[in-house]
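What follows is a set of structures for review.
Two complexes follow with chain A in common, the first pairing it with chain B and the second with chain C.
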Partner chain A sequence: MSKSTARQYPAWVPYFFLLPFLSVFLVFIAYPMLLSATMAFQQNAGPGVSEPVGLKNFTWMLKDPAFWTAVKNTTIFAAASVFIQLPASLGLALLLNSERIKARGLWRMIFFAPVLVGLPFVAVLAGLIFEKNTGLLNVTLHWLFGFDVEFPWMQEFVMPALIVAAFWMYVGFNMIYFLAALQNVNKDLLEAAQVDGANAWQRFRNVTIPAIKPVAAFVILLSLIGSFQLFELPYLMLNETAGPENRGLTLVVYLYQQGFDRGDLGYASAVGWVLAIVLFGFAIIQRMTSKTSEADA
Partner chain B sequence: MILLIALLSSVAIAFWPSDEHEGLVFWTFTRHHAQMYGPVIEDWNQQAEQADLEPIQMHVLSMGALNRRTQSGMWAKTPTSDLVEIERSSVAQFMAGPVDKVGFYDLTDRLQEEGIYDQINAPSFAPWSSRGRIFGLPHDVHPVLLCYRADLVEAAGIDVSNIKTWADFERAMAPLVSDLDNDGDTDRYALGLWYTAPQNVETLILQAGGGTFDEDGKPIIASEANARVIARMISWCVGPNRIAIDAPEFSPSGNELKLTGRVVAALMPDWLAGVWMNDMKDLGGKLKLMPMPAWEEGGRRTSVMGGTMLAIPKTTRDFDTAWTFAKELYLSEDLAEQLFVSNHIISPVVDLWDKPFYQEKQPFFSGQQSGLMYIEQAPHVPYRSSSPYHQIALQKMMDAASGLKDYAVKNNTYDPDALFPEAKRLLEETESLIKQEMSRNVFIAGQSAGGGGDE
Partner chain C sequence: MSTHSTPSSKRPDATMMIVYLLLVVFAAITLVPFVYLIFSAFKSQDTFFSFVLWPTDGAWYQVDWDGFTISHWKTLFLEAGILRATVNSFFISSITAILATLFSAMGGYALAKYRFTGRAIVTWVVLGSLAIPFALLIAPGYQLLYWLGLLDTYTGLILPGVAPAFGVYLFRQAFISSLPDALIEAARIDGCSDVRIFFQIALPMVRPMVGAFLLITYLATWNNFISPQIVIQSADKLPLSVFVAQLRTPYGTQYGLIMAGTLVAIAPVLILFLLLQRDFIAGLTAGAVKG
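Let's turn to the complex of A and B:
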């Protein structure tokens, strides 16, 4: 930019244009963050009633078995997202990227459709599917194999039921990311590899995977963050509870229970900060991995 | 351009005329209540015009929204409603802080001074009291009876007058637990209840003299009564002598089980009788009520399930009018009649219990005087805790029940006496967890009732 162009604007102009964002950021993000950082060291009965408790919220968190149950359940869900849901999304994307599949647009639409109807709908529908006695799953299994229609999926297999519901919801969503990445894979490279005698697996491993790696890393990060923020699905499927023996308790449900059912916003803030630090850690790892990949490339 | 739009929209919002609330705002969480209150509010509003009183605006909100909005308003000290109905399962969240910081007006002194306390069935105040102070006017009593399929029971030649205890019930109803389609699976069960349903668990432990907290706010989670009930419930729900099926209320699957005769008997508070009368008309004339079987000979034949209070948030702009309306609504004979006729709920106002509408024979319950049957049990409903830890304790007790079920299945042990020691151990663990959690609460630790956090 030349000096003459720069002189056309007074120095305060950029700050003026930043003002709308900054005011929203300060009021709705920075101030609540600051307040929650303070509250994490208090016990509350609503925001108006507080007592400083030092580090007791954090020490209690470490001692509370429910917190560790929430950590375990959330980790299981995140692992299922990364190791089951994302490979399935990639598989679907590969399939629907193939020119041999007819009506690809329709199939893409079908797999993406659960995202359009929304999480509450999926949660309610999944709850009905897993219901005892009249649920679609039990009735079908009973009809096919004489399975016990009273089998309580939402009591005995809470996390698998949540994972299946989330799979249905998000497999098509993540498929779109992979599909976009696959469509950007250099076809010349694939053809060159084929000419050089590489089989389908070798082409996928040595050409496709490196090409989609940045997108895959991004999708993994999104999935991890989304998994650690899991709330609506268990909350709706388990009728606003965490299920028997906290089998469906996730970190955000735990945070919500503490903050809004018990009114201890201080403790909920402490849980929120622990969660934020964990997610920040994932983001750092993703950044480092991306930089390593870029350096390798 | 973006900045201009932002500025214009901000100015527009700032000056946009908002909906002005004329009069006092009253929130309820069910349309059934709203339908009953409609005529009373209409009368009030007509009188209000002449007497220069504030009219009442009633709104029906879903229970979750009502609780969140009330709580948020109290926290932010912004106006929400002037009167609000709170359901039993939600009340604990409003009682968690110091007693003087509870967001509802303390009505204790007014109730005593105006003689209302003596007019109302005493146990009905318990759920709405915290640390000796009363924060709401009770809407109901909700005594529980046992409802059974008279057509099936009488056809099997069972005389229910011989059923005095749960052990009698098990023995008498055993022949009705049967495989109706000869496919090898049991289809019909004697009882519709389940160990994971909080209302079922609470109703039975209260009947047995157990509960979550005593009147001084001390945990009684690991009491013998609770352990005995949970052990017995597990023996009802699993194992070779199973007599119960999970037939939840307000669910299509639960209703289907009841309508098709797969459930012989169920716990029946007065409000649920109203729900069945409205939602399952096909059962009309096939049902009868009886006092609940006791846990031991001569024991309590009723319990209590659910409940609602009318409270006045401290953010109301006119307490006196809200209080006058609250009394007119909840103490009115007309409303008591409406409450019973439309929802089969009996009023907590003792003076009204001899009114003729309670004496009427109900065709739905095979011509029984069901109102009278509920009133007979009303004075005997057990004490219920209002501890802020009640719901948590109840939830954890159900977790203990789930743990006991797993133990029973793993060890192939279904006899309630054999399950009792494990039930006691699990409940002791639960009580210890609750005590630890209570000890964290700096606001109620050491306070006389509703707390007990000095462990």
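Let's turn to the complex of A and C:
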């Protein structure tokens, strides 16, 4: 800045604007984060009683079969989000991207609507839809294909039920990201490839995919972060339990049970850190891969 | 097969038929649960078990109007106290959305338009804290609210959410891209104070972001379950998310009642969506990187 445009405002002005954010951030985000680093090494009986236990929370966690069930279920759910739901979102976006489709805004609105219902309400609704004998799903499938109306989703096939419910809720939401990404695809390049005899798959693989890659990487990361923190859907679909034989136990349901049903906030903090480290790992991998792909281009 | 002279000629209509068929099937799967929800909210327990959608006397078009009931709505509003929960949800969501938007805009404005000691650190903190998962803050957040005596208060529920780093980041980007420095300088030369510049010149320039962020935070708060589940203990302070989930216990599994409660909870959001469709879609995907 030159002298003629020297500061024309009091020095406190930027700090004044930042004050609400910084004070709330320090007290309710930064401090709890540091606090959880100490709490992870203590055992609690409710918020008022605690004693230091060293690394015991972590060694116990590694020996607890319920923890590993939670890891397995959470991983299955995340894998389904990335490998089933996101490709379906991309597929829907490709269908809607064609200029020959009539009323694209209306279709987009319909597919987007479920996300507005919100996780707790989707969970409550899904809990009823997946019930055997009376639930909408089994009754409809029975009527259409003669499917077994007593198929026990909520008793034995909890993860598939969760995956279907999440699919219903998020497939149209993620479609919006892909629709935006498809605007970056170079239409002239697509036409040129067609003239040169590239088939639909080759055009998709070599023109469309590279163009949507940055958005796809971002959506995959968001999807992983959301999946690994899955809580409301299983917790409420299963009437505030982890389901029979922990079939609907996810990492955050495990954290919640330990921290609030058993009252061990220290142990819950340790679970929180394990989860956070996994998520930091995903973020770092995403950064590294998006850097290398930029270097390739 | 297309000829070389017309490489982009229209594909056979059969392709379009398949595309429309897929879209119709997808749309049906998307919409049927809504239809189910609406019908179920007006059916007695007996009708609920006998008919998936509407009750009939034989063929599907012979609707049995006597199978419908408004008893669940009476229970919800007269006995269960859903009106109170709805008011709570409106109150908590409005206050959170307004404060979070204001504080985010103020913070983002400072980072975008001022040079001051500590700016680099604060910017780094904002970016870094985008990576903090909510799950990490659940247990220590509860411990802190306990120490502060804020459990079972609206302050304890609202305050931690009014300064989202995500919002500061979005507003910083918005101010950098759509507010020219010259406008601020000109206003200063005219003797306008910086606080007035922020409210009367800067904020109106990023009005789309203000609208989008209000919507995101409003919706996120309305649909938040875990925070009120942990923080609030008194039944009369509960928002709809926890209230509707709790409808299952005291009344047994009253399907119609749960459905009616869910309908009350999602109707305001869906109506708002129908009115402000474009803003919603833009708002909810506002952190998307543009290629």
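By definition in this document, the second predicted complex is superposed on the first by the 267 of 297 C-alpha atoms of A that agree within 3 Å, B and C clash if a C-alpha of one lies under 4 Å from a C-alpha of the other, contacts with A are read in each partner's own complex, and residues count from 1 in each chain.
Here is the rule we use: a residue touches a chain if its C-beta (ideal position, glycine included) is under 8 Å from a C-beta of that chain, and two chains touch if they have at least 3 such contacts.
All of these numbers come straight from a predicted model, not from anything done at the bench.
J.: Is A:P87 touching the first partner chain B, the second partner chain C, both, or neither of them?
T.: In the superposed model, A:P87 contacts neither chain B nor chain C.
J.: For A:G281, is the partner it touches chain B (first), chain C (second), both, or none of the two (neither)?
T.: neither
J.: Considering only the touch criterion stated at the top, classify A:F260 as touching first (chain B), second (chain C), both, or neither.
T.: both
J.: Per the contact definition in the header, classify A:T134: touching chain B only (first), chain C only (second), both, or neither.
T.: In the superposition, A:T134 contacts both chain B and chain C.
J.: By the touch definition at the top of the document, which applies to A:P47: first (chain B), second (chain C), both, or neither?
T.: In the superposed model, A:P47 contacts both chain B and chain C.
J.: Please name the chain, chain B or chain C, that touches the greater number of residues in chain A.
T.: Of chain B and chain C, C contacts more residues of chain A.
J.: In the superposed arrangement, does A:P20 touch chain B (first), chain C (second), both or neither?
T.: both
J.: First (chain B), second (chain C), both or neither: which does A:P160 touch?
T.: neither
J.: By the touch definition above, which chain A residues appear in both interfaces, chain B in one complex and chain C in the other?
T.: 17, 20, 47-48, 134, 240, 260
J.: Please output the residues of chain A touching chain B within their complex, sorted ascending.
T.: Going through chain A, the ones touching chain B are 17, 20, 43, 45-49, 51, 53, 56, 60, 63, 65, 131-135, 148, 150, 152, 155, 240-241, 244-246, 260-264.
J.: What does chain B use to touch chain A in their complex?
T.: Spelled out, the residues of chain B in touch with chain A are 2-3, 6, 64, 68, 71, 74-77, 93, 96-98, 101, 103, 185, 196, 245-246, 251-253, 256-257, 388, 391-392, 395, 398-399, 402-403, 433, 436, 440-443.
J.: Would you mind writing out the residues of chain A in touch with chain C in their complex?
T.: Listed in rising order, the residues are 1, 5, 8-11, 13-18, 20-25, 27-33, 35-36, 39, 47-48, 92, 95-96, 98, 100-101, 105, 107-121, 123-125, 128-129, 134, 136, 139-140, 168, 172-173, 176-177, 180-181, 183-184, 191, 194-195, 211-212, 214-215, 218, 225, 228-229, 231-232, 236, 239-240, 251-252, 255-256, 259-260, 265-266, 268-269, 272-273, 275-276, 279-280, 283.
J.: How about chain C: which of its residues touch chain A in the complex?
T.: So the residues of chain C in touch with chain A come to 4, 7-8, 10, 16, 19-20, 22-23, 26-27, 29-34, 36-37, 40, 48-49, 52, 99, 102-104, 106-107, 109-111, 114-116, 119, 122, 125, 129, 131-144, 146-147, 159-160, 162-163, 165, 168, 185, 188-189, 194-195, 198, 219, 222-223, 225-226, 230, 241-242, 244-245, 248, 255, 258-259, 262, 265-266, 269-270, 273, 277, 280-281, 284-285, 288-291.
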